[in-house]
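Consider the two complexes below, in which chain A is the common component and chain B and chain C are the respective partners.
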Partner chain A sequence: MYEALMKEMLAEYGADTLKGIHHFIPDKEPRKYLYHLIQDYPNRGGKGFRPGLCIAACKAYGGTMELALNSAVSLELLHNAFLIHDDVEDESFYRRNKPTMHEYNNRAIAINVGDAMNVLALYPLFKNKEIVGPKLSEKIFTEVQHMVLESVEGQALELGWRRDNICTLKEADYLRMILKKTCWYTCMHPLRIGALIGTSGKIDPETFNRLGYFMGTAFQIQDDILNLVAEEKKYGKEIGGDIIEGKRTLMLIHLLEKCNKNELEKIKQFLAVPIKERDSATATRILSLMHKYQSIEHSKKTAQYMAGAALKEFYSIFSGLKESKDKKFIESIILYMINRDY
Partner chain B sequence: MAEKNKNSTGKKKGSTLTDNLFDLLNPDNVLGNAQKVISSAVNVLEEEIAAGILAAKRIEKKVIDTDSLKGNPDDLMSRIRRDTHEAIDIFLDAFAALSKQVGILNSSLTKNENAEATAAASATSTTKTANVFSVIEADAPVKAGQTVKLYMSISDTTLKQAVKVQLNKHDLSGTGSQKISSKNILLIPSAFNLKKDEEKEIEIQVKVPANTKSGRYFSLITDSSNAAVKTIFEIDVTA
Partner chain C sequence: MYEALMKEMLAEYGADTLKGIHHFIPDKEPRKYLYHLIQDYPNRGGKGFRPGLCIAACKAYGGTMELALNSAVSLELLHNAFLIHDDVEDESFYRRNKPTMHEYNNRAIAINVGDAMNVLALYPLFKNKEIVGPKLSEKIFTEVQHMVLESVEGQALELGWRRDNICTLKEADYLRMILKKTCWYTCMHPLRIGALIGTSGKIDPETFNRLGYFMGTAFQIQDDILNLVAEEKKYGKEIGGDIIEGKRTLMLIHLLEKCNKNELEKIKQFLAVPIKERDSATATRILSLMHKYQSIEHSKKTAQYMAGAALKEFYSIFSGLKESKDKKFIESIILYMINRDY
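Showing the complex of A and B:
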């Protein structure tokens, strides 16, 4: 029941946001090398999680889709820009069941498309002043500025850890990294921005920090687990790709803490060579070790704890609001995370 | 001492498989694990938020550099004088241009403004002069028969107590003799009390009559309680 509602509303808000994205893409040259490519990732149909949360939070607090749409469009454009750049940085092959942009073009074009999307994301924010007034627009702009800064800081941490092959990370390091890299821009700021718009700037956005953080953490851990255990077609990325990329997931950090010296040395050696030289046989052995040391099980539980904490936060924040489809939608996302069976 | 008998995961050293199974089946243990994970996560969040606030404060300080300004009063005064002269120059240029084009801002008002600006310069009341005069433009042209909204905000950093603000609107004047009556202008709010450290947002609504000719139109907003507050706004009307 909650899963159906979640999917229905994600699809609805995702479609509205996609229309908005198309509206803000200039219809001019150079189409082949830029503007048509900008449409590619959004058209592949992501989850639409960020605009969905933003619009739902706005409506749950009494706002309308029209008031939140520009902000939602900006969030989704920035998200897709991040994805293009992330794929280059991670040297990923697939995104949403298709080759990544740098794979079917080249790295230079992909980076430029990502840059353009970052710039295009500014205009809906600028136009916000006509819809929500200048004061609230300024607040939203500051929210977005903070969101982007946190995300690049989180990405910097992870890229740095990979470059320096850091293998002594603890769970708290991981939580800090995904707070910065994922939580602010996936959940915390979409909720904060939506609620600010819905209340005409009257609510304290800090109210949503814990809720968004717990949701974002559960979301990221589950996404990383899917990378290891899901069917490739269903997931849309290469399975086990995160191991090859040396991504510092909770499973890898747990494994590095639990495995014996011999195993640790082999994993370190695997992670020390360039991505393209890493072999899938060793990656499969690392996956087996994750099973052996229950790293995946441990991560599933951690994600569940986080989703549980998110539900508690949700009830304390939203229980005072009148019942609405949008309130139920946010609740349904959390319930889906708690009951996820992969 | 109790901590010494535990490893980093909090489990007792030398625990048997039965002990571990019992731990797994024990709901208190599950709750304890969840609590540990959540509490560690919350600590990370609080630390990061605190670090963010501190970093933001440092950036603000760098941009404004208030300490160095305070430390050199001569430099501060020369900057104030320079900024004041620049503000007055901009003000006079804008005013002269508007007077030429619009033809409705009469000479007495010009004299009044010049007198105020000069007085402001000699008294070095820079913030007041620079802040109260502003020009607002609509982002896009408006068609005759439609309504356009513009926004302005009013604040006064020098206030010690709340003051009453009563905004007045004036006819919009176009190039030539075209006018849009002030009846078509709505200021929301038009009267209010401005408190210390408060920034008040004003919405200016202009309903452009259907028979209005194309062209640029200017008008002035004044405060009857404070002659220094003057805002010029302009709209571009298309047929």
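Showing the complex of A and C:
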């Protein structure tokens, strides 16, 4: 039930968001090297999770799609810009079942396209003044600035840990990194911004921090588990790619804590060489070790615990609001996280 | 005479700008992987051309350093972010006599540092409201948005031309690209923003477009000539790097137009292989051809013609303003361009 509603609403929010994105991409030269490329990632059809949460929160609090749309468009543009740079940084090959931006163009062009999207994302926020008024649009702008800064801080931690091959991380380090890298921009700020718009700036945005943290953490852990275990086609990224990339996932951090000295040494060695020299045979062995030490099982449980905590938070925050498809949509995402099959 | 004044004023504007930059870089974690790195390029001491022009224009029109400083800080942060990404895109080794950000860290970290600087650059603009008022700060924000968008458009053209190994470009294509990539953000917008602040928003910013275009073009062509002919130490970039990188400079475009079929074919072949496979022997031969066909001489003359046109524009715009060191500074930069020794 909740899954059908979730998909229905994601499609509804997503269609308007995509239209909005196209509206803000200039129809002029240079098309081939810039503006056509900017359309590519959004056109591939992501989940539309972030604009969805923003629009849903706005409507659940009594606002309209129109009021939230510019903010949703900005969030989705920033997300796609982030993905393009993230793909370059991780040297990923696939995104949403197609070659990554830098793979079918080149690295230089991909970086520049991401830069362009980051500045284009400011235009709808700027236009917001006419839609939600000067005070609220300024507040939203501050929210977005904070969101991007938290994201690059989280990204800095993750990239730094990989570069220096840090293998002594604890679960608390991981959660702090994920809070910065994922939670703020995937859940906390979309909910905060949406609710601010829906209440004409009256709600305290801090209301949504715990909910957004629980949701974002569950989401990120599940995303990482899927990267390891799902079928390539279903998910659209190369399987085991995160292991090759040396990404500090909860599974890897758990494994590094639990495995024996001999195994630890081998994993460290594998992660010490450049990505392109890491072999998939060893990656597969590391995956086996993650099964052996129940790192994946532990991560699944952690994600479910987080999703459960999110549901509790959701009821305590949203129960006073009148029923709506939009309110149900937020609940449905959390229920989906709790019941997600891998 | 003008050179001493130019240096004196660049030092004066630069010191305040650097202080301002440090003020806007958060003093918190993650330092090692982010905030310390953000300080690096600004601390290396660039020319400070852009903040200088902005502050000088503001003061020449009767404003103060304080009024222009936040905008100058934002311009310089954006410039340094652009340099970090540009260095990754061009696979450059040196910047201001030291290894580039991606060379002494890695590519992923460098891209992320640039992204962080781009968002940090918005903070001083946001703070501007308290300094120059809401209306003017909004106008400046629009100026900066346009500036960044023009720059990524210009960058897209240049990167695209290289990627597709376009060898049929005309001088007009080059000038259009440089207008977008360099002139807006190096001269036009710094002058426009400074003058807007100095006149409390009363001046028509279009006033400075021709001046900024002439100055920016002269600046870029001279920068490219220096890359080819100056001593490595004096300039701080690898010599002939642009030829290896396949950068579409005025010299290269002129050479491609003037050389014979046999030579053209060889240059095309050289540019068709990946950067790392291009040999410095062939690059040196291409440099010789640029001498043979007077491509460098032609470019020098073009730059001087542009600088001359800039001087004419400068006098027609600024002659009504009372004398000041700041007004003289702008003149001194143009005089320096006219007399620059290579």
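The definition used in the following text is that the second predicted complex is superposed on the first by the 342 of 342 C-alpha atoms of A that agree within 3 Å, B and C clash if a C-alpha of one lies under 4 Å from a C-alpha of the other, contacts with A are read in each partner's own complex, and residues count from 1 in each chain.
Keep this in mind: a residue touches a chain if its C-beta (ideal position, glycine included) is under 8 Å from a C-beta of that chain, and two chains touch if they have at least 3 such contacts.
Predicted model, so just to flag it, every value in this text is computed and none were measured.
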Three-chain arrangement built on chain A, chain B and chain C clash or fit: fit
Three-chain overlay, vertex chain A: chain B-chain C angle, C-alpha, nearest 10 degrees: 60
Which superposed partner A:171 touches (first chain B, second chain C, both, neither): first
Contacts of A:122 with chain B and chain C, given as first, second, both or neither: second
Which superposed partner A:309 touches (first chain B, second chain C, both, neither): first
Touched partner set for A:33, first chain B, second chain C, both or neither: second
Contacts of A:320 with chain B and chain C, given as first, second, both or neither: neither
Chain B versus chain C as contact partner of A:301, first or second or both or neither: first
In the superposition, chain B vs chain C on chain A residues touched: C
Lowest inter-chain C-alpha distance for chain C and chain B in the superposed arrangement, angstrom: 5
Common interface positions of chain A, toward chain B and toward chain C: 134
Contact footprint of chain A on chain C as seen in their complex: 29-30, 32-34, 85, 88-90, 105-109, 111-116, 118-120, 122-123, 126, 134, 141-142, 145, 148-149, 152-153, 155-157, 159-160, 162-163
Parts of chain B lying in touch with chain A, wherever the complex brings them together: 33-34, 37-38, 40-45, 47-49, 52, 139, 149, 151, 153, 199, 201, 203
Chain B contact footprint on chain A (complex, rising order): 129-130, 133-135, 146, 150, 171-172, 175-176, 179-180, 209-210, 213-214, 217, 301-302, 305-306, 308-309
